[in-house]
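Given below, in the form of structure tokens, are the structures.
In the two complexes below, chain A is the common chain; its partner is chain B in one and chain C in the other.
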Partner chain A sequence: MPPSSPGPTRRAVLGAGLGLTGMLLLSACTHPDTAVPAGAKPVPGGVLDYFEPQSWTVLYPPAGGFYPNGGILNNITARLLYQDPQTLKLYPWIATALPRINADATEYTFTLRPGITYSDGSALTAQNVVDNFELYGRGDKARGLAVSEQVTNYAGGEVLDEHTVRFRFSKPAPGFAQAVSTMNSGLLADATLKLDSAGFGPGSAAKIATCGPFAITAERVGTLLSVRAREDYDWAPPHFKHQGRAYLDGIDYRVNKEYSVRIGSLVSGQVQGVRDIQAPDQARIKDKGLQLVAAPTNGVNNNISLRSRHRLLADIRVRRALIASIDRQRILTKLFTDTYPLATGVVARGAAGYVKAPDDAWVHDVDRANALLDEAGWVRGADGIRVKDGARLALRSNTALPQPRSKEVMTLVQEDFARIGVGLSINDGDQVQQDLDSQDIEKVQVYHAMVARADYDVVASEWSINNRDALANHDEESGAWGDEEVERILARITGSAKAADRERALAEFQQHVIDQALVLPLFEEPQVFGFRQEVQGFFTEPVGRPTFYNTWLADGAGRGEEA
Partner chain B sequence: MTSTPKYILARLGQAVLVLFLAFTLASLLLLILPGDGVMARFSDPALGLSKDEIAGIRASFGADLPWWQQYASTLLGFLTGDFGFSTQTGAAVSTLVSAALPSTAVLALTGFVSALVLAVIVTLVASYGRFRWLRDVADSLPSLFISVPVFWLGIILVEFVSFRLGWINVVDPGPFESLILPSVTIALPISAPIAQVLIRSVAEVRAQPYVRVTRAKGAAGAWLFVHAVLRNAISPALTIAGLVFGELVAGAVVTETVFGRNGIGALTAQAVANRDNPVLLTIVVIATLGFVIVNLLVDLLYPLIDPRLRTRKAAA
Partner chain C sequence: MNTPLKNNKAQPRRTALRNSPWLKPLTLLAGLIVLIPVLWALFPGLFTGQDPLDGGSTASLLPPDAQHWFGTDQVGRDVYARMVYGAGRSLLAAIIAVAVGLVIGTAIGVIAGTQRGWIEDVLMRIVDVLVSIPGILLSLSVVIILGFGTVNVALAVGITAIAQFARLARAQTLGIVRSDYVAAAYGSGANHTKVLIHHVLPNASGPLLALAVLQLGSAILQISTLSFLGYGTPPPTPEWGLIISEGRNFVATAWWLTVLPGIIVMAVVVATNRLGSVLREVGE
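Moving on, here comes the complex of A and B:
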């Protein structure tokens, strides 16, 4: 071949290269990974190597909603109460008993367990516990520390005696008992409470002192956070069979933003655990003999909100048509696996206050959708998009980057909308861009989101104008409302003293968003983890953050033993 | 051409101008873009801050000032060596950058040296390979190398060398171990343009009559290549080597992501995601500085390598 025409050679080499890649990716080898017999006794020892897709941002407990933050906070902090992930029942932890609550749920009294120390050696005192909630309940703008979204209407705390504290609220705060059980209310040592937001950020993590089973010992900014078991930890929730120190010697939380590297590291045995196994890989992980753990997140289901305050969505017939047009089953079959069950209510089946929605709540019916739009006076224009009084029925949605395959989900919704003559564009951009655009109803009218919290309040966290405001329901300047009734019902969920009233309000909320066609729940969103066989005893707290206290390694020595 | 000190002074003046322009352009672009670091950090709906609260925080960071005031105060800061604070973490930018710089510098250096070695090897095989087909294959390698996306290459290397063969750990590797795969990943695409130019240039020089004369005088093998051919063929390759420095910075962003290394590349990616303008500006200025220095060195090296440039200078 003359040197002037190396084309075929090049192409051949490239072709070979691409073929090789495909082969490699399909057949990544597995190190021998033998199953551990059921019923084996836990053995202490070993450090768990665990991959996170994103780096943690701030270890200020109220910011625990962000997965990487919460996955760490849940293991290094102890809380006043413990919430069982299955039953969602509350148990004593740092408090010796469930709190005494007054009739209108505005006063909570806790008795504290004696003898608890923080990882910096300081003692947990009644004053220290009050100081914690003074910070979470009021925030501190000067230090860049926000109020915890779970502690609302906080009016102050007081030390009653050496082991008793009381918290007061300006309005009924029925969610407070559950709130103190979450990692967003993890207790911090006195010195740590004085840090500012930079002090809770990357670079100074080792200074954060907590009283959970693990404590932070080392940090490499952006790549690694090491926590080690506290030998003197002796205050697990009393109802636990396992007491004393954690089985693991520690956990190395590693970060690699490249998905294929995380999966490859797990399959090849370089790490023992990975969070966020995406749907297309789940079968492969199982085939390799690895464990796949799909933890329910027990909150609001992955859903789409239709912002009725926008002129194009003000007509209920349009909203009903949009909901009827979306084929939820197709989204699930095309994009997901069995670990993502079809939503049967606004909240997940395991969530507090779940009520099954009527069978006819969210039926996929293209003919009905078309008929509704015809009836509402929207006629198809030349480009297939419906028009009425010169306005095109073209909408825009966000991309919910933290949610699985949001872009693909919205692409299928786009196809469904196109079938009934409705245009949908999907907002591009990173998380910051999404946050900024999503607040502007002119930019985003169809909002894809999901929120996890194992309390009735979770629906308020997503839809109340005081929280995430997924419906962009209220315009502060003009005072205009999309649907004021939504806010009134939510106020009853967050502000009723009795659980039964809150549960009833939640059911009413669900019926209201069905009647008004404001929300379409898509599926129950799990948190999917992959583990090597030697990892035993793993479970998550109620919203799917890892709990490593009971986890143990079958070979007792961690990485490098199998091979 | 004028005397060397004057020439160097002129080049330094140019360098300062380039730095200033890069700084200005970058800071204006960042100021024009919607959303800043303060918004990025506090507009997260999960924080539940009201618009007034966010406005108050913005004011305390000075993010609400008009663009020219922000530009002037940043410029003044840079001139006095104060690079400001990261809006995302609150840490001093100088701390973040000085923590990240060494790891990237080592990676860039090993990557660059590997690229040079690779380019010379490819050139040797393409020019002196024993078989025709071998020369043809080597000759087409630069085109292949340049078309390989760094990202893809990094993942393939990890997949094959680490996950399948188990030779290198990507999780928690030793200091030397951690450099091997990233260096190769960066070196391959960078070696391509250097090799391409070197191959053509060597071919050209070998056809020159003086090479034939030197060979006739009895020179052969390595001596002939180093003294008669390479020395005359290297100038164009050197120019290219200076220009590909920019690729090193871009390559670092990708490689550090794939291999989970902490460095300027990872810092850049994070700063972009968080609209962390003080960090971004500092990185732009540092990258420009590196680019300017490397190209200045290249220019100063020419006369040392090519006697013709020295003669002309002496004559002038």
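Moving on, here comes the complex of A and C:
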């Protein structure tokens, strides 16, 4: 063996030099991005390449609350009504006019537009519309299809004539008109209504027939969903300037969990759009001349719920201590930009029923937090975590994967809790694991979430035991409640006929969760998209899901896959 | 084969020292590179005054500077402090992994080499099975069965190292049991256990220890890989693979989160390999 290793050979030097040159040449091959002149007219054509951070899970419209699902459903389905994203005003779409509503909001009558067909060729009929809401309003346990959280107190639907349908409710359902405008009430063809939950899941997407401007044409499970424009689509909301077929030929929804891959693909021009641009990259996106779109979600703010039914959180002093320990401003300063304003209420400022919370509602005060825990009898153990009667004050939180930087938010909360002697472990795992664990109060006691919907009912969507039950408020087996009053107030929000009553109930709900230290709103969460300059005419529906009907590509070429 | 050590036997002592592979600059540098994380692991407080778990009000994603040598991470924690405090867990896991491979692998190899017959066949076929499964796949399977966490990851990586130790131990044992001094030991009344402990193991230990040092580098890399994939220590406890994994979303905006810890891991792995090679060279 030679006493020392020889130096780099000529071949190695040559190889390294060629490699470096190759990398430099390749890096110069990025797609150029040029600004589109102001006032340019939309041109049809091109497939938009668009990246999502997570794969869609189910395309059953009531499950459209999950952003990757909603981003697809919003573009492939049509609804009875259309809600303007800015004014939140309702307009006719598949219905010819706004519904006729009886005095106590228990009957809604819609007249339907004629000549509408689904992507499988079948016609949209009055019976088909009733059948849609029979499924959404009642669900079908045998097929694993849940009741829509937006269609509450549903009592039945009936066909009045060829173009008129009526829906009845057992209690006032003031949110129904808005509910039929969301992608959760997207209309499905008769054959699609017969599918079970697996039929709406990955691997079966091409079977789903809808009547929106785009229709699903191809799918590669976990990586790609292709939708293409329907040439015969001619039933856009009548008040739209743009009528007829969508400008785009289609959209390729790509999925990659690696954030750096998604952002790199946008910057290099390999894709034209990306959802979920994180705060640290926003400046870079602007510097590169790309478009940054921060769409408000107009719903419940990004928040943390403390599950009071759990023995460690049953004492209100513990919950108050935890809320006082969390430094919301530090979270915002460290992790986010100005596009994420500090929450001043349970719902966002642009949401229906917003009421500014009192200034002293969620004050960060570590001394007070420590004093509250001392008073409650929790003393610091050898490892710094407080103990009482042999129990450690160690909690567990979920990771809200659809929410921006949830893991980092909870890491900072973890630091805040550690300062007052409270342990917090952060649940790892994919969306399915998070969903499963979050339903079990023994696994998750601190729940990070947000829900978007431009209606008063949004708070019920997040906290009612009939919907997402973020507080895990009720145990059906034992009958135990965390806070029964929460459910009573939520029932008034969803069941009052008058908007003023609903607004009052929402304000009461906010005050109750402040008094009982059940919820800490963190910030108003936007959906942040990045687009190449050639992408024009993009906007979102009221809660930030992408709407591609009016989108067009300045170069008209696009770069989608054959589908 | 003539080794530099053997060639130097006849040389004056000073020349022999100068030619010793242990004193070559690269070896000394490798030793220093390995020594630093060992000291980090033993006395982390001497190397940094920063808190590895709480960034306080420090801004996130700060670039490296005099105060934060490796910058700050996505929540404002000092990355250098996290590397220093993470060294203990990462190195301990590597040592556990190598120890598992060394002890179990050597036991299998020595038993197979001395017992022969069907026992040897069964043991070495098990080893063949272990060799046939890719290391990362095997360790992933083991860690999923055992559960996440540093010790479980270390055990998983250790299991993947058993085969190499077993094969080497068997080969060494086969040579030793045929030697005259072992025959003499049996002739002078020594029993099987005595021969194993006093003759086989000491004579086989040199190559096995050299392999152990070589495996240390590989174990650090494998453990970092598994931690990178999220199977190791749960956050916020610092661990090298986890630190790199947490920084990967910011490669374009904060390269130091992945590059600097990556260089540390790479340097320690290369340095450990160098020391292992020297140990093998000396043994030969």
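Convention: the second predicted complex is superposed on the first by the 505 of 563 C-alpha atoms of A that agree within 3 Å, B and C clash if a C-alpha of one lies under 4 Å from a C-alpha of the other, contacts with A are read in each partner's own complex, and residues count from 1 in each chain.
Criterion: contacts are C-beta pairs under 8 Å (C-beta built on N, C-alpha and C of every residue); 3 or more make two chains touch, one makes a residue touch a chain.
Since the structure is predicted, the reported quantities are computational estimates derived from the model, not experimental observations.
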Where does A:V221 make contact in the superposed view: on chain B (first), on chain C (second), on both, or on neither? first
What is the contact status of A:E258 with respect to chain B (first) and chain C (second): first, second, both, or neither? both
Between chain B and chain C, whom does A:V267 touch in the aligned arrangement: first, second, both, or neither? both
Just checking: does A:Q439 make contact with chain B only, chain C only, both, or neither of them? Give me first, second, both or neither. first
Who touches more of chain A, chain B or chain C? B
Considering only touches as defined above, state whether A:G65 meets chain B (first), chain C (second), both or neither. first
Figure out whether A:P114 sits in contact with chain B (first) or chain C (second), or with both, or with neither. neither
Does chain B (first) or chain C (second) touch A:K334, or do both, or does neither? second
By the touch definition at the top of the document, which applies to A:Q278: first (chain B), second (chain C), both, or neither? second
Contact residues of chain A, present in both the chain B and the chain C interface: 1, 3, 258, 260, 264, 267
Which positions of chain C touch chain A when the two form their complex? 1, 3-4, 19, 24, 26, 53-55, 57, 59-61, 74-76, 148, 230, 234-236, 248-254, 281
What does chain B use to touch chain A in their complex? 34-35, 39-40, 43-49, 51, 53, 56-57, 88-91, 95, 99, 133, 135-137, 139-140, 143-144, 147-148, 152, 155-156, 158-160, 162-164, 166, 169-172, 257-262, 266-267, 269-270, 273-275
Would you mind writing out the residues of chain A in touch with chain B in their complex? 1, 3, 6, 9-10, 13-14, 17, 20-21, 24-25, 28-29, 31, 49, 51, 55, 57, 63, 65-66, 141, 144, 146-147, 149, 196-198, 201-203, 220-223, 252, 254-258, 260-261, 264-265, 267-268, 270-271, 430-433, 435-436, 438-439, 466-469, 476, 559
Across the complex, what residues on chain A touch chain C? 1, 3-5, 258-260, 263-264, 267, 278, 280-281, 284, 330, 333-335, 405, 407-408, 411-412, 414-415, 418-419, 425-426, 428
